[in-house]
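The same chain A turns up in both complexes below, where it pairs with chain B and then with chain C.
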Partner chain A sequence: MSVVTVQDLTVRYPRRGAFRKVELTAVDAVSFAIEAGRTLGLAGESGSGKSSVARALMRVHDPASGSVQVAGREVTTLRGGALRTFRAHMQMVFQDPYDSLNPRLTAGENVGEALTAAGVPRPDQVSRTRELFERVGLPAAFTGRYPHQLSGGQRQRVSIARALAVGPQVLVCDEAVSALDVSVRAQILNLLKDLQEADGLAYLFISHDMSTLRFIADDVAIMYQGRIVELGTSAEVFARPKHPYTRALLAAIPEPGAGRRHRRGVVRGEAPPVDAVLTGCAFAPRCPLATEICRVERPALVADAAGHRTACHHADAVPAEATAEGSAA
Partner chain B sequence: MTAILEVDDLTVDFTRQGARTTAVRGVSLRVAAGERVGIVGESGSGKSVTAQAVMRLLPPTAAVGGQIRFAGQDVLGFDPARLAAWRGADIAMVFQDPMSSLNPLLRVGTQITEGLRRHRGLGKSAARAEAVRLLRLVGIDDAERRLDDYPHAFSGGMRQRVCIAIAAACTPKLIIADEPTTALDVTVQAQVLDLLDELTEQHDTATILVSHDLGVISSFCDRILVMYAGQVVEAGPTDDIVAAPAHPYTRALLDSIPRLVGELPRRLPTVPGSPPFGDVPTGSCAFADRCPHAQDLCRTEAPVARPTGSRTAAACHFPLTMEARR
Partner chain C sequence: MTAPPMAEAVPVAAPTGLRRTLSSLRHDLPALISITLLVLLALAAILAPILAPHPPLQTYPEGLAANGAPIGPGHGFPLGTDPNGRDVLARLLYGARVSLVIGILANGLATIVGVIVGLVAGYLGGWVETILMRLTDVVMSFPILLFCIALISVTGPSERNVVIVIALIYWTTLARIIRSQVLSLREREFVVAARTMGLSHWRIMRKHLFPHLVPTIIVYATLGVASSILIEASLSFLGVGVPVPTASWGQMIEQGKEYFQIAPWLLFAPGVCLVLTVLAFNLAGDWLRDLLDPTAPERR
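Up next, the complex of A and B:
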């Protein structure tokens, strides 16, 4: 049973500085679902629209169209008190805990604010805060420290404690470990896995880092220019990537021990600007397999027998052997 | 093989409001012509400060000790005129953020030709022709026209290509690239690394690549130095170190990166705590508090670099045994 169901989500932003009202489409009819206790990884490069998906889900920015259901309730139409109540079901962890924690409040007070919002009476807050700190692996004494007195990893633990304070079913992690040092990143990834196993939390885990996603995500969606181009279980997508963009993305990742100086750049160029008007497949200008049909007709996200979905006219032309294995050999 | 750069026992101390912090504590390194050397470390390890010390880019609040020799000459003794003639001509740097290292108010062409005219003495039209060649070399289409564009008209990857064109303009003997691909998307990062590879191969330019990303470092460098808390804890050929690290910290760094192929552990192996920032106690191993193999000696005596293989060295009292390295 899915906790989060997203149907044809579209997000548009007004373009500033233009005389005419121009809108750019950051997310273009994206659909996915996340079950309780599972993690959907959302991958993509900058400007692919992955953070816009998170912002629309959290109702930070209202979607232009489409439906988002969390625990069976439509959230795109919620207003006022109902919207506040909904936020108890879904919480967010951001990339930079230094920006997302209030620097003038202690770590404990930062968590306390979330408890107040969740309606926990003040006398109970101290003990609840301690419990939360213990869950995220911080000593109780840290409740009295200010964010600047904590290391990056400790701050991210406080952010997670704050997100958990309201007892959410869904956690949206937007590049939650990207700013952390490698040795600290592994600790936070383990913590997120432990919390998920204990509580059956559903995660939407947004990251540009494919190796992190392979570790944390059960399913992965690859976004390019506001569209999902590939969606499947992590095992499938990493072992048998079907979309040429996914293949390029995986081939470009330098792995320790993968050998030196093999040609890394598989595709030329960069993603087109977000306001580019696209007909057909967004990846066509960079794609080694692109043909005429790719430039005129937008490929639909089609599932194969195993449920692995790809939006590519030439998905079947892609050789079966995986790129990741090929480049590591 | 002659060394282009020789750094011996480099130390850097910063004094702020009367408080003294040591950023680099006795780093030695050698870079031969055409060699690619990587410095890898987490935040606060001193890798960027080391790079900036070599370029003489540190502020006056920094006290630099030790020796830096470039082609046999004492870099720390250079006067401002000598520095200006040296930078850009013999040594060049590529920074992480191409937007803040390019001047937003000057056309890209002006910024590329500046070094060509100054160091190579080219005239206006010759410099422009050379700039066109350089832009083409770094893979920018329509180079002739793009010379008249301002940096904001370029994408992030294109800007970094421009920075590399500027660094390569006078075919320096050494390019220091400090996190040159960290701000870029991974497909663009791959293109930029390929480009650096081509340039160094064509001109036998030596490169020091500074990065927090062991993947980036090991895909590019012949030799790596692993830094922790201002010191080199392990150094040697990339393949040896990645295949069989002797220092527990290097091992931990390698283990904490989830791989793209093969079995995945349910939990990632981790080391507790986080890298130290600022003051590190002397007279002990800086990694001892986080190290799974630490013993009493580690807390009472700072280890010095000792050979751990035919070409590798590590600063550890108890380097991993051959079995534990695999």
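Up next, the complex of A and C:
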């Protein structure tokens, strides 16, 4: 049973043109589902729309169209008090541990704000905050510290405690470990895994770092230019990437040791500007496999027998090995 | 600020400790002078009944020369007398009360209005922002003195009306500044987090936005007092401010202007006080701005 079901989510941002209003489509008809206790990893380069998906889900920015269902309820139509109450189902851990906590409040007060939002009476907040700190592996004494007195990892733990305070079923982690040292990153990822196991939380885990996703994600969705180009179980996508863009992302993971030869140069150039009007496949201009059809017809997200979805005209045509060498094509 | 829920919360070095304040004062001569001036001024205003050699409204026949002209400093009147034979020093001290109280009250009111308008407009956005900011533009577009004179000629001059009128026009600058700060603050992750956890708008504004605006508010409130005192002086000078016979600096200048050739002290005494006060408030405002916001670029 999916806790989160997203259907054709489209997010647009207004841009003020010289004479008319221009809209920028950051997320274009994205669909996915997350089951309780599972993690969907959302990957893609800067500007691919990952964070816009998160912001739309959290109703920080209202989506232009599409449907988001959380715990069986449509989120996109909620307003005012109903939306406020419903927010307890879904919480977010932010990217920047130096900006996501209110610097004028202590760590404990930051968590206390979430408890207030959840309607926990003030006298109970102290003990609840201590419990939450314990859950995320922080000493209770840290409740009295200000964010600037904590390290990045500690701050991120406070952020997680704050997110857990309202008792959510879904946790959206937007680059939640990207700003952390590698060693601290592993600790936070393990903490997230433990919490998931204990509470059956569903995670939407956004990251540009494929090795992080390989560690934490059960399913992986790859975004490019506002669309999902590949979606499958983590095992499938990492073992048998079908979209040339996914292959390029995977080839970019640094591998320790000389066991595997590093292949680069699969993707050339930069992503087109986000407001470029493209027909056909958005990846075609950079794709080593692009043919005429790619420039004319936009590929649909098609599932294979294993349920592994890919939006590429050549997904099945070329085996993985050939693509990796395909930069000459 | 409400009491923190964490009982054992250790007090930490706040961004602006008392020690830092004092050391910054020691290294900043203009600031030191301006703060000293403001303290002296406040003392003078508060202690006016004790310091003044005569009652401010009392006319003294011996304070006028044989030909009816005001007499200069000395002869029992340290700063001379005015054309009515009243003691200038006494009027100056009591005038400080009026000028300071009107300046602080009017600017306090303006600050409250400006902060509320800017905060609400910046945070809520949408049509609320459009209405509030267009209203701000409209008020800003009025010529200040003309607007005040028009309003006071309708309501009648009194100290209360002067305060209200100054507040009515002076909230706009702060409203704009606060709004622009809120616009950038609301995109900060901790504010977004406060929204996503389902806190009420009121609480987000009060606990997550307002505390970050306090340095700006303090600075502009300080600078604004100087402007308000000047407007009060201008209005009184034009005869639509504080009604006679109450002394205010602007009004003393107004009454003295016809005699400045024979009795220049009538202009110099209140004029010098006015200049020094405004200067002190401005310097103190600059100093506070630097103290509270060391990374911010110069801005006015």
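Rule of thumb we're sticking to: the second predicted complex is superposed on the first by the 310 of 329 C-alpha atoms of A that agree within 3 Å, B and C clash if a C-alpha of one lies under 4 Å from a C-alpha of the other, contacts with A are read in each partner's own complex, and residues count from 1 in each chain.
Convention: a contact is a pair of C-beta atoms (placed from the backbone, for glycine too) under 8 Å apart; a residue touches a chain by one contact, two chains touch by 3 or more.
Everything quoted here is computed from the prediction, not taken from an experiment.
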item: Chain C versus chain B on the shared chain A, clash or fit after superposition; value: fit
item: First, second, both or neither for A:Leu189, with chain B first and chain C second; value: first
item: First, second, both or neither for A:Val4, with chain B first and chain C second; value: neither
item: First (chain B), second (chain C), both or neither touched by A:Ala284; value: neither
item: Chain B versus chain C as contact partner of A:Val70, first or second or both or neither; value: neither
item: Touching partner for A:Ser100 - first (chain B), second (chain C), both, neither; value: second
item: Touching partner for A:Ala311 - first (chain B), second (chain C), both, neither; value: neither
item: Three-chain overlay, vertex chain A: chain B-chain C angle, C-alpha, nearest 10 degrees; value: 80
item: Partner chain in contact with A:Ser211 - chain B first, chain C second, else both or neither; value: first
item: Minimum C-alpha spacing, chains overlaid - chain B and chain C, in Å; value: 12
item: Intersection of the chain A residues that touch chain B with those that touch chain C; value: none
item: Chain C partner contacts - residues on chain A that touch it in the complex; value: 58-60, 83-88, 90-92, 94-96, 99-106, 108-110, 112-114, 116-118, 122, 125-126, 129, 141, 143-146, 149, 159, 162, 165-166
item: Partner chain A, residues of chain B touching it in the complex; value: 42-43, 155-158, 185-191, 193-194, 197, 212-216, 218-222, 238-239, 242-243, 252-261, 264, 266-272, 274-275, 277, 290
item: Contact set on chain A toward chain B in their complex; value: 45-46, 151-154, 181-187, 189-190, 193, 208, 210-212, 214-215, 238, 248-268, 270-271, 273, 324-325, 328
item: Chain A partner contacts - residues on chain C that touch it in the complex; value: 4-10, 12, 188-190, 192-200, 203, 207-208, 211-212
